[in-house]
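Shared chain: subunit A. Partners: subunit B in the first complex, subunit C in the second.
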Partner chain A sequence: MEEVDEVVEENAEFLEESDEDGGVTAQSVLQDIENAWLNEKFAPEILPHQSDAVECMLQQISHMEDNMKSLGKGSMKSLIHQMEINRIRFIISSYLRCRLEKIEQYAMHILTEEAQRGREDGYLSSDELRFAKDYLSSIELLFRTLALQHMPNVLQKFEIETMTVKPNIHAHVFLRANKRITGIIVPGTVDEEVDFEEGSQHIVQYSAVADLVKNGDIQLI
Partner chain B sequence: MDPNEVEFLGEKQLVSIVPNFNFDMIHLISGSIGPFRAGLPVKIPIWLAINLKQQHKCRIIGQEWMDVEDLKNIKEEEKKSKVFTKMPSNHYMDEVHMLLGAASDDIPNADEIRTAVKDIWDIRMSKLRTSINAFLKSEGTHAKLDHLTAMEINNVRPLLPHALDQMVRLQQIGQASATADSREESQNMSSI
Partner chain C sequence: MFGRRGVELVKELDQSLDSIPPFNEELITEILEEMQRLYNENRIDVNTRPDDHETYLSIKVRHAVLKRDKRCILAYLYNRLRRIRQMRWEFGSILPPEITVSLSKPEVQWFDSYSKCLATYMKSIGDNHGLNLTSDLAPPKSLFIEVKCIADYGKFEFGDGESVQLKKNTYHLLPRSECEQLVRQDGCVLLSPRSLTVNCKRHCERKDQETKRESLSACRSL
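Up next is the complex of A and B:
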């Protein structure tokens, strides 16, 4: 049993070493994923991917599962670990599923935006990018075989621009400020400037705080 | 978001239990818990507490604020105050629901606690509805929601943001048609 503990501690240490800022533990990575999950759930547009954190957590889980084999099934300790792993798995899959839903909904818009971003600062992970492209080409194929080929010549073009669905970035969101932020411009008939105190909760248009959500100053709730 | 997911987030909160077994510290990914000593209180996450309770391995003590007198005071405060008062927990409603659901035999005065919390919830929700109504009529664009708890926010989520979205949409249409009108007018003027 102690082996498991040691491995968990080793993992935690490994995580700490792998990040130069220090202070990164399995616990804080889990918190990051949970925050990313909530942000993704409530933000109208797709947010930058967090696949580093997800990968790291999945690794942690598989380490844990390897070590649990030595514990024997049914022991209280392995049951507790298993329960926790199931909870973390739920968060991760819900997070990824939420992103896939957005990709399906806004495939064209996301791909156009993504094309303007560099490889390094893309919002989609490489798997998600492949999924988005496959999805779009499947849609196009479907339209062609089902309808377009039976249309008169002038109407046969698959017009991406006219079909693009964009997320409503003016949608209102609930948020909590992680630190004091001043001078947020809330668009309206007259643009208004507001300040957020640390820990305060608000409802505003997403477009006013989009950048702050992406850099982590604001948590959607 | 599904209310179950709000509860899922609430299950992370710690609660005191008295185990009836001995066990060493367990290093979970979300932090270490234990060691467990039979008869000595220890703090663990609610999800685990409920599971252990179901296996008859512990007694749940409940949260410190789960006290009928305290809750009655909170209720009076809430009645008197115009704004929302600070709740003892960001998940007070779901914690009561989960802990009393699993361990009503462990927590003294479970029924009274449940009633008191339900009263507080009702007062706050009606206050929330009134203020949302006033807010929408004032055509505000942003609002401060301090001290609203997770479940309360989730409860108005289908309504409030959606209503505001529609108002923005109407405003945009209004503006667009206003500019179109003024353009038409100026064209008419020039033609005269």
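Up next is the complex of A and C:
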């Protein structure tokens, strides 16, 4: 049992190693990714990307894997570290998969919105953006080869406006407030104004808190 | 009746929820012919009797049908795409032949281009480090899983260079991350999971069928 305790402690140390640039610990990055993952999972629309955190964590993983080589195979320590790595990798994959699914589902909507945002504050990372564009054009190509080109002239258009699927931002979400927030307007027959205490949990329409989710004041759960 | 075939097309897809039915080229061609016919009739009417109220109404109706037909065809194609896309995640970049036969040629091409698109994206993750998003589909509960080989696979090599012989009807305890892919690919892959929960529905179905078959033959021999 002692050995296990020791390793768990070491694991924590592993993660606490601070990053050279700017006092960010791996532990805090992992926490950020976990939060982003939960938010992405529960929010109906796509949220701003966190590719910096993902990149940083992936580097950390390969770093950990290098370190593990010195531990020797099959030892208790290496097994526990391996498990930890697998868990982190699952979270990252699941997070990115979730984003991809949204990108595919709402491709047209997301691309239109993205075109209105600047390059700096786009919600998609550059790779995701490329994926979205490729995905959409591949669909257009298929529609064209199989159906559109055989239709009468006036109907051959690939109508973005009528085919766009939009996320339902009026869906309800569970959330926890990270700090005290006042004056949230909950839309309804009568627009109601509510305050959230720090740490309190609520169910509200996503559209009422969308901005707060994006700036991190609110955590979806 | 106008537009009936369009509904038929969509219904056909809707009725087979789990699999991809063969691409119904015949019906699509019929719908496209209907569209062409309606369009021509409309054009003639517009040119000959543009002011007649009755003609105006029938033009309206035909146009509505045209739009509906288009919508049905595109819905059919799109929903097939979503299923083909799912195949990419389940089977990897090579489609099993029993599925390819149900697809039209452009759909197979679409699969390839989607596959490429996805691969490019996965390779670019984490500053071109690359991350395979199609593995780690379920939260890892343990490092090893117990698997049963359902066919002779031969030598299976692990990432660290060690290897194991996989023979039919043998049980192994293998690292989860290594053999997840093996378990998921259905056609060429030969392990059936006992504790892996991802996407094992197919396998379970197959297992069920096997058990049924076994019990049937047992009954017969009695």
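Following the convention adopted for this analysis, the second predicted complex is superposed on the first by the 198 of 221 C-alpha atoms of A that agree within 3 Å, B and C clash if a C-alpha of one lies under 4 Å from a C-alpha of the other, contacts with A are read in each partner's own complex, and residues count from 1 in each chain.
The criterion applied here is as follows: contacts are C-beta pairs under 8 Å (C-beta built on N, C-alpha and C of every residue); 3 or more make two chains touch, one makes a residue touch a chain.
Please read these numbers as outputs of a predicted model, since none were measured by experiment.
Engineer: In the superposition on subunit A, see if there is space for subunit B and subunit C together, and answer fit or clash.
Structural biologist: After superposition on subunit A, which the two structures share, subunit B sits beside subunit C with no clash.
Engineer: On the A-aligned overlay, A:Lys77 touches which partner chain: subunit B = first, subunit C = second, or both, or neither?
Structural biologist: Only subunit B; A:Lys77 stays clear of subunit C.
Engineer: Could you say whether A:Thr189 touches subunit B, subunit C, both of them, or neither, answering first, second, both or neither?
Structural biologist: The answer is first: A:Thr189 touches subunit B but not subunit C.
Engineer: Looking at the overlay, does A:His150 come into contact with subunit B only (first), subunit C only (second), both, or neither?
Structural biologist: Second partner only.
Engineer: According to the stated criteria, A:Glu104 is in contact with first (subunit B), second (subunit C), both, or neither; which is it?
Structural biologist: second
Engineer: Using the superposition on chain A described above, determine whether A:Arg87 touches subunit B (first), subunit C (second), both, or neither.
Structural biologist: Both partners, subunit B and subunit C.
Engineer: Just subunit B (first), just subunit C (second), both, or neither: which does A:Ile169 touch?
Structural biologist: A:Ile169 contacts neither subunit B nor subunit C.
Engineer: Examine A:Glu55 and indicate which partner it touches, taking first as subunit B and second as subunit C; both and neither are also allowed.
Structural biologist: second
Engineer: Could you say whether A:Leu96 touches subunit B, subunit C, both of them, or neither, answering first, second, both or neither?
Structural biologist: After superposition on chain A, A:Leu96 lies in contact with subunit C alone.
Engineer: With both complexes overlaid on chain A, does A:Ala26 touch subunit B (first), subunit C (second), both or neither?
Structural biologist: first
Engineer: Please state the minimum Cα-Cα separation between subunit B and subunit C in the superposed model, rounded to the nearest whole Å.
Structural biologist: Between subunit B and subunit C, the minimum C-alpha distance equals 7 Å.
Engineer: Overlap of the subunit B and subunit C footprints on subunit A, residue-wise?
Structural biologist: 83, 87, 90
Engineer: Any idea which subunit C residues touch subunit A in the complex?
Structural biologist: Its residues touching subunit A are 28, 32, 35-36, 39, 66-67, 70, 73-74, 77-78, 81, 85, 104, 106-107, 109-110, 113-114, 117-118, 120-121, 124-127, 129, 131-133, 135-140, 142-143, 160, 176-177.
Engineer: Going by the contact rule set out above, which residues of subunit B touch subunit A in the complex?
Structural biologist: 1, 8-9, 23-31, 47-48, 51, 141-148, 150, 153, 157, 160-161, 164-165, 168, 171, 175
Engineer: Taking the touch rule as given, give the residues of subunit A at its contact with subunit B in the complex, in rising order.
Structural biologist: Residue positions touching the partner: 1, 4-5, 8-9, 26-27, 30, 34, 41-42, 57, 60-61, 64, 76-77, 80-81, 83-85, 87-88, 90, 168, 170-174, 186-189, 192, 194, 200-205, 208, 221.
Engineer: Under the touch definition given earlier, write down the residues of subunit A that touch subunit C in their complex.
Structural biologist: On the subunit A side, the touching residues are 54-55, 58-59, 62, 73, 79, 82-83, 86-87, 89-90, 92-94, 96-97, 100, 104, 127-128, 130-131, 134-135, 138-139, 141-143, 145-147, 150-152, 154-155, 163.
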